[in-house]
Structure formats: structure tokens, C-alpha cells
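Labels run A, B, C, D and E following the written order; every chain starts at residue 1.
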Amino acid sequence: MAEKLPASLEKLNTEEYLLNMGPQHPSTHGVLRIILKLDGEVIKDVVPVMGYIHRGMEKMFENRKYDQIIPFTDRTDYLSAVNNNFAYVIGVEKLLGVVVPERAEYLRVILAELNRIMSHLLWLSAYGMDVGAFTPLLYIFREREEIIAMFELITGNRLTHNAFRLGGFKYDVPKTFFEKLEKFISHFADNLDEYETLLINNVIFKSRTVGVGVITKALALSYGVSGPSLRGSDIKMDVRRDTPYSAYSKFVFEIPTGKNGDTWDRCEVRMNEMRQSLSILQQAMQGFPQGDIMAKIPKIIKPPAGEVYTAVEGPRGEVGFYIISDGTEKPYRVKMRVPSFSNLSALKDMTVGFKIADVVAIMGSLDLVIPEIDR
Amino acid sequence: MTPVEILEKIKTKFPGVASTEAFGILNMETEQNKLRPLLVFLRDELNFDFMNFMTGVDRPTENIIEVVYQLFSFTTKASIVIRVKLDRTKPEIETVSDIYRTAEWHEREAAEMFGIVFLNHPDPRILLLPENFKGQPLKKDFRHPNMTPLPEVK
Amino acid sequence: MLKYIKDIITGAITLLEGMAITFKYMFQKPITLQYPEQKAQMTTRFRGRLVMPVDEEKGDNRCTACNICVKACPNYSIAVERLTDETGKPKPKAASFTYNMGTCMFCNLCVEVCPFSAIVMSEEYELAVYDRKSLIKDLVAEKYKLKGRKGKWWISKFKDEEQV
Amino acid sequence: MTAFMQFLKDLLYDSGKAFGLIYDGGHKIWAGFNLPPLTLDIIFLLIAAACAAAFIAINALFIIWFERKISARMQLRRGPNRVGIFGIFQTVADTIKLLIKEDITPKAVDKLAFFLGPLLVMTSTFMVFLVMPFGKGLIAADLNIGVIYILAVTGLTVLGLLCAGWGSNNKYSLIGGMRSAAQIVSYEIPNVLVMLTIVLLSGSMKLGDIIAAQPTVGYVWMQPVAFIIFLIASNAEINRGPFDLPEAESELVSGFITEYSGMKFAFFFLAEYTNLFIAGALGAVLFLGGWTGPVLPPFMWFMIKSYFVVFLLMWIRWTFPRIRVDHLMEFAWKVLIPIALLNLVVTAFVIKFH
Amino acid sequence: MEYGMLLAFLVFALIFVVGGVAANWLLMPHKPNATKNSTYECGVEPISDANIRYNIRFYVYALMYVVFAVEAVFLFPWAVVFKEIPGLMPLFEAVLFILILVLALAYAWKKGALKWD
């Protein structure tokens, strides 16, 4: 359609039109609005509109004490509450100069990896829904429910755990937790294989994902895409390996990567990541040390003036907290670096030229959590 | 690469940059007009290929707004923080969104939250705030009629 | 041409594998919990809502109106008023303990800081109400009785759990 | 008494004979009253149509419940189990709910097209039952162009969906309607070719003759490829399963039924499930020998076979992800149609040289 | 009688639908408001009218359908009498006819009418 049509035929040309996808749409996973410019089914332009659930988290942080901020971090990315806690807590501990006991570090790793599996499972089930397969969701929710029950044992909450405290944990682990964990590890790998056969290796699924939403290495890096979405583009990026935090340097694990940076690669990376998390869980459970669960920290937390940026590898990518302390009880400024924010910014380069159905598939493969973007 | 090595390399090209070190990360300050060449140098010569984030910090007591860029290199696993101090009454800075594309959205956010003007920005619309919102919420002196003061507890 | 046929066959095999899985699950027991009749068993640490249980030995709650929980609450959902005697001197007793469930995040911070174990998170989870006002509760007036276990079990509920 | 027993037995096993008796008896009585025989014929016609309507309504209610139960079992759920035993009256309750719900007609819609949508869809679905052989002699009209009639009437559905899609004046509906039109016409062709193969084998377009011509096991053993193509193509034609693009929930919200509510929505719903049954029934008639079978009454056999095919379609639906629209079209034109054509030619050759 | 049945079915189908909608209209509450009567587009105001000149892609399929369906309909009479006519003549005639269909398909395939973009 490149050549100019004569004026008399101009009216016969297909019309490009704008379509709102969201804020209330079944597959935007939250209150995200995407304005699509379409020619028939083919996408010509994508404009994400955000901020529908902007809560001013960063402003709120400035008005809360250091230990009060932890429950708020749960609520930015509600699917990986523990990893958000993690990033914030190690930041403040760095400022305070607190050394966390090993037992607490191990428990943190266990919780973080469980949380990663939990988040990926939800992604897998939601992704099944996105591409039109409803059934995997209900199978996957069995396993997810098991993990939630484990979290409930330790923290008492099912989704927004508020699990970590500055310096470790408030309460020690109940014995039943490890029994459950062992049971979970024993059957999870098999179930994962089953889901892979049911969904990921399905020929229809492959036809919808292979070669769709390709993002090149250089572009992904430039966009600051992180986590599985970046690893899908064949970059061995993992905060757990690049800048090891907590006890991660003690565990052996691989970093799965994709080859082409398409949607299927991102899916496969997540599936393999769950297997790696499972192996970390096994190692952590075997080497779980005795000792204290809480470091000695002052009653009133006043970190010395300074600033720190700490990041952890969340399920969606690099979750970072940039904390500036001015020596008072409350932080001077907290900036959250959220993975979905950068991942979503690359959406336009991934989707243009594909179809409506692909937008859903691509957005699903980025595993967006909207409250995290809006903060 | 250790922070010292990075600093030495930078000093060969940009003599006289102020820098400190905190938690093993080089923390350097530069002027507004040197920022873009510095970032291009860091990206192309020192392999800082990943921008973690970019944000602003409001410091009303010193009458400045800081712009902070954090970079990371996947090849050397090193991080670096670059900050630029802007005049708080008229904060203006050149965009870096063509050097790191992720900066485009981060700059849009910083623009609406701190009122920083990013010159030559490709898409200077608001990002998170409602369209008719007035004020820059992350400035320390921001007040809004809907804000309720927190109760004082003895 | 050969690839065309091969693609069709391998594709059909993956489809049949999927169908075998769904068929297998058809004969498994449903995992549904029939909600209003069957209810989920909550763990000891479950954070339902904040309650101020009546200590049966004391015949009253254990609150001393020390305001530590108020300071700890990130959302300012708690307000405590101290009881005063006739002369206006404050007594170590709460006259009212206003708890706003609407703004509560169920983060457990208030329970953790309470030096007297006066408050605890209960196991209730059906907390929805029709009227927003009824989310604001006065825990002192409520005189909540923790069900199920005896005495002051909640004070040591985490210590009683079997540890690794 | 024995005559009455014989009549009941006929009614069950050879309905044609029993209806013949009723028809003749009715006319004798009618002639006794000196009334013109045409009036009685009209009454009989209306009764037959009313029976079909009642069957459609009850069957749709059952099939919806059946699907909900089957999908629930496949997903480790229980499915409806509150209204009536095993929740069998759940769909009745849902229908009543839809009946007393407000039927919203948005301001921007083209009112005529908006109403024509469900009307055309439901009418075309209804009309198919004219030639549906439920049992021996249990058929409203065994037209001698039966197969073509079915193809023609189901083809009307496209118009209804296009009306709904265009008339709603909603972009999601528009995309859904367009998709469904392209999809249904594309999959009509493999379906036509498959039916052509069956007609080739049986030598008649009458559904009754097709059933009679089949060996005891049905054509499915002679034409397994045709059966698979039929399953896929009819699944696509009724917009279900991995081919539910016109109403693809995660992409188009609800496609062409986005703006519909109340009874108009119910008619789309009803038509979808009735079409599902029609697909099952056609599969039973064309490939599984229709109502033939030992011991049980023909009607029972027909229903069992139909529901078996319906179950296959449900199984497919609840297992697979949704196909993308371009793959869908390519699959029809590049895979199904060549195979169906090849199958047709091979069948013709085998018939001639066998 | 048979086509009378067809008419009866048609009449009944129309009664069925119109009656259903009418019953619904009688039973339902009538409380329209502006929000309810607006077009749904994910909770925001629709950007533009939906009656647009749509992509040609879909109409191409309809055209191809006409070609194939009409030819297939011509084949039905042949299929009915195929067994009864002796000799190989009907077979070869039909194969020739189908070959033309295949050629049409191959042409469309080659021309890219089956490709989406």
C-alpha cells in the first residue's frame, strides 16, 4: 500500500483506526490502557497509557519510618512481595551496616525462590488464559496453592506477606514448613513437565509464540529490559549472579537463556527458571543452618546519612531500591526501580507489525504487573 | 573492574570530575553539558550497556534538583552512579533517551514528578499522573488539598 | 512437501499429548473446596483481623494504652485513648482502642511490637461488610473472646510451634 | 390392548409407522367433522415445529450443563452442583436470569442490524432441525437435497454474525464479526468437500438414505480422514474450541456479542450450543450411522452418538490454546482443503475400481 | 407437505426469537442511562466510530469462498449419480473439474491471497 492512490480511489483505501485495549480488558492484567492503531488486524502503532493506579508510593515512603515501609513494598508488585521486601531490606541493612545471620539469609533465599516459582506459576496460568487455554490455569493453581499455604505457615499472609524484617525474621520457621516444602519439591518437577507438554510444547501455542515479539539483544539492553524477558534475548543477565546478594553466592544454579528473543523463548526461560529455583530450594533446604534468625538491630532505626542502590532478581527482572538517608528516622528519598516499567517501554518495538492476538501474547510474555509500573 | 580503575579511565577523557565511592560503587558528579558525552563514553568505551534507572532528587535546602543516573555493565559487572545538579528554580537538562532508550520513560516520570524539563525529549507527555494534575508531587514542598496530615503520636 | 507432512504429524502428536493429559485429569478427584459448607483451615500465624482478646484470668484485656502499636502502624489505623480516673490522672488502661480495618494492611507490625501481648491477629477471614463505617471497630468495647484454645495461648503461640 | 402396546413400541422403535397411524386416524376423525384436510395438515406442521422448538430449548439447556460439567471434570473442579441434583437446573436458572435482565441497546448501534443479528443466527440454527433424523421416521421432512439444505441454512449464520458485528458499532464487535465471517466461509469449504465424499459413498443427499447406506459401523472406518476434517471444520464453523476467534475473550473481550445483553445475548448463546449439537448430530448421521444400533430405541442411539461427537468437540475445546487468525485461515486453505480434495478424489477412484 | 414443513419451521423460528425478545422486554427493568447506553470500549470513551472501511483481507476470503462453494455445489449432483453411471467417464470428468479447483487454489496460493500480510 505504499504507492499513492489516485484521488478518485482514495476512498477505497482501508481505514486505519484506533482501538482502546484496556483499562478494563480481560488481558491487560490490571488497569493498563493500550491505544492500538490498527489496519484490519495488523498493528501500526502502540501507545501505552498508565497511571490508573498510581498511588504515590515513593512519596509515601518519604513519610514512613524505615521499618514501616516494608509492608508497602509488598503492594507494588503483589505477585513477588518477598522479592520486593528483599530488595528494600538489604538496602537498609547495607546503610545500617547490619550483618544478617546465616539462618535468616537461607530462609530469605528459600522464600524468595518459592516466591519466584509462585509468580511464574501465576504467569504461566495467566498466559494460558491469554492465548486461550483455560484448563492449565486450574491445574497450576493447585501447586500455587501449596506454595501459598507454605507462605501462610511462615508469614501468616497469602499474598502480601510482609515477610522480612530489618535484620532477619521476627519468628523462626515452624517444622511443618519443611515437611510441606519437601513434599512440594518431590512432585513439582513432574507437574512442570506435564504443563510443558500441555501448553508450551503444543503446536498451536508454538505457532502463536515462535517468531512473535522479537526483540534484539542491543535493543533489549537499551530499553533496560531485565529478568526473563532479557534472558530470552540471549543475555546471561541475573542479579543473583552479577552482583550476588544475601546467600546466593553459596548456591549452584544455571541461568537459562533463549536464543531468538521471541515470545516462546521468554516462556521457555521462565519454565527453566522454575526448575533452577527448585534446585536452589533443594540446596538451601539441605544446608539450612542453625542459629539466630534475627540480627541485633537498634530499636529506633536511624541509618547514617548516605545513599545506596540495591537490587535483587525478582520474577520479572531487576527490582531495585535507591534509598537516600539523611540520618533521620525516615528516608529522604526512595526510588523504586521496577522491572515491568522498563519491560513495558519496549512493547512498541516488539509489537508493531504483528496482530491483535499477538499483542496479548507479547504482553503476557513480558509478565507485566501494573501496580508495579504505576507505583 | 574496580571503581578506581573506572575512575582512572574516565579521568583520561574527562579530567576534573568529582567522585566519591560508596558500597563499592563509583559515585560521580558532572556538569550538565558534559553529561551526554560522558554517557556516550561510558556506553561505548567502558561497556556500561544497561541503565538501571534514572531519577531526580529534590533538595530545597541547597536549592538544587539532582538528576541521578545508575548504569551497569554486563561485561565487567561494574556499576556507576552519575549525578547532575540542576538549578531548582529552572531545572533543565538535555535528554539522554537516544543514548539509553529506557531513559525515555524514566525522564517522562521525572519530568512530571520534579518539573524537570528534558530538552529534545521525543515524547514529552505525562506518564503516570492524571492529565489535569497540577504540581510536582515528589518535590518536598508539594501540597495537595487531598493530602491529609499524618497524626502526631506521643 | 515432506516437511509439510512431517509438520502436520508432529503437530498432531503434540495435540494428542495435551488431550491425553486433560483426559487423565477427568478421572481425578476435584480439588474444589465447597466454600460455605467447608472452610479452609487457617494456620496459627494467619493474619485475619486485629483483635484484643479478653484474658480470662484477668477478666479484661491486657492493654495498657502505651501507644507503641499506634506508633508502629504504617497506615495510622489505630488510635488509643487512655482511661483517666476521677482526678483526671491517666491510668494504664485503654478507654477505647479504635481500629480501622479499612486502612489496615494486615502487616502484623502492631502485634509484634506490643510488649504486653494485648493484641493479636485472629483467624477470621470473612471480613467483608456492607457498610464502610462498620469497618471501624472499638476493640475494647468488643470484648473479643478467642475461640478454640484455652487461656493465654496467643501470647506464646509462636514459641509453642515445633521448630526445626 | 396389544394394539396399544404395539403402537407404543412403534413409537419408540419405528416412529414413522406410529406417526403414520396418528396422521391417518386424525384425518379420518377430521373428515368426520367435514373439515378441510389442509387445516389439520397445518396443525400437524405447527405441532412438529413446536416439538422441534421444545427440543432445541431443552437440549440446549442440557448441553450447556453437560459442557460445564465436562469442563469442570477436566479442570479438577465440580461444576454446577447447587441448583437441582448435580446442578442440572443451573442453566434453567441462568436462562430465567437472562430473561428478566435488562436488554440494553446502546445508543450508537444500528437498531435493525442489531436485532437481525440474533434473529438470523437463531433462525438458521432452528431451520437445520427440519432435516435432522432423530430416529427411524422421526424426521420433520426428509428433503431429497438434505445435505445441501443444511449447508445452505447454516451458511445464513454468517449473515447474522456480520449483522451483529457491524450493527453493534463497536470495534471489538466489528473485528469479531469480520473474523467470524472469514472463518466460517473458509471452513465451510472443507466441510462441503467432506459431505461431498459422504454423498459420493452413499449416492444420495437424503440424510435418511445416507444412514441407510452406511455399514453397521458407520462411515467413520472408511473415511477416518474425512471424519477428522469434519470435526475440525465444524468446530471452526461453530466458533468454538481453539477456533473461538470471533469471541476471543482475551483479545476481543467478547467479539460480536460484546454489546448484547438479556435475551438477545441468550439467543447467541443458545445458537452456539445448538450449533454444537448440530455438529455432533451431523457427525453421528454422516459418520457413525445415525440412529442405527442394537436393542436401544433409535432416538437413544442418535442422542448417544451425537453426544459422543459433542464430547469430542468439548474435549478439544478445553485442551487447546486459541489459534491466531492468519494461521487459522492458512490451516483451512493450505491444509484442510487440499487434504479434503485429495480424499475426495481417492474415494472416487476407490469406488470406481473396487 | 415437506416444503410446508419448511415454512412452518421458518414461522416458528421467527416466533421463537421475536417472542423471546418480547418476553424479555416485558419482564425486564427499563432503566437506561447514558453510561449504560454507551458503546463499550474497555471503560473509556470510544475514540472513533466503528463503521469503517475494513481491511480487504477478509473480503478476499469471501470471494474465494464463492468460487469454491459454487463449484462444490456443482459437484453434488455428480456425487449422487456417480455410482450409477457405468464406465470411467464420470470419474475423469470430475477429476478434471477438481483439477481446475486445485489450480484455482494453487493460483491463489501463489498469488499470496492466502497469506495474511
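Methods note: contacts are C-beta pairs under 8 Å (C-beta built on N, C-alpha and C of every residue); 3 or more make two chains touch, one makes a residue touch a chain.
Here the structure is a predicted model, which means the values were calculated and not measured.
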(request) Could you tell me the least number of steps, going only between chains that touch, from subunit C to subunit D? (result) 1
(message) Based on mean C-alpha positions, which chain is nearest the centroid of every protein C-alpha shown?
(response) A
(message) Using only Cα atoms to place each chain's centre, name the chain farthest from subunit C.
(response) E
(message) Once every inter-chain C-beta contact is counted, which two chains account for the most?
(response) D-E
(message) Need the CA-centroid distance for the pair subunit B / subunit E, whole Å please.
(response) 59
(message) Using Cα averages as centroids, what's the distance between subunit A and subunit C in whole Å?
(response) 25
(request) Averaging only over C-alpha atoms, locate the centres of subunit B and subunit C and give their separation in whole Å. (result) 41
(request) Averaging only over C-alpha atoms, locate the centres of subunit C and subunit E and give their separation in whole Å. (result) 56
(request) Identify all positions of subunit E at which a residue touches two or more other chains, and write them in rising order. (result) 41-42, 46, 50, 52, 54-55, 57-58, 116-117
(message) Give the residues of subunit A touching no fewer than two other chains, as numbers and ranges.
(response) 17, 19, 25, 41, 135, 139, 142, 198-199, 202, 204, 355
(message) Quick check: what residues of subunit C touch more than one other chain, meaning two or more?
(response) 15, 18, 21-22, 25, 31
(message) Using the touch definition from the top, list the residues of subunit A that touch subunit C in their complex.
(response) 64-65, 67-72, 75, 135, 139, 142, 149, 152-157, 160, 162, 170-176, 178, 194, 197-199, 201-204, 206, 288
(message) Which residues of subunit D touch subunit E once you look at their complex with the stated criterion?
(response) 41-42, 45-46, 48-50, 52-53, 98-109, 115, 118-119, 122-123, 126-127, 129-130, 140-143, 147-148, 166, 168-174, 178-179, 181-182, 185-186, 188-189, 192-193, 196, 199-200, 203-205, 253, 258-259, 262-264, 266-267, 325-326, 329-330, 333-334, 337-338, 341, 344-345, 348-349, 351-352
(message) List the residues on subunit A that touch subunit B in their complex, please.
(response) 50-51, 54, 56, 58-59, 63, 94, 219, 221-224, 226, 235-237, 242-243, 306-309, 311, 318, 320, 322, 324, 332-333, 335, 337, 341-342, 345-346, 374-375
(request) Spell out the part of subunit E that touches subunit A in their complex, as residue ranges. (result) 41-44, 46-48, 50, 52-58, 116-117
(request) Note which residues of subunit A are touching subunit D in the complex, please. (result) 17, 19, 25-27, 41, 128-135, 137-139, 142, 198-199, 202, 204-205, 207-208, 355-360
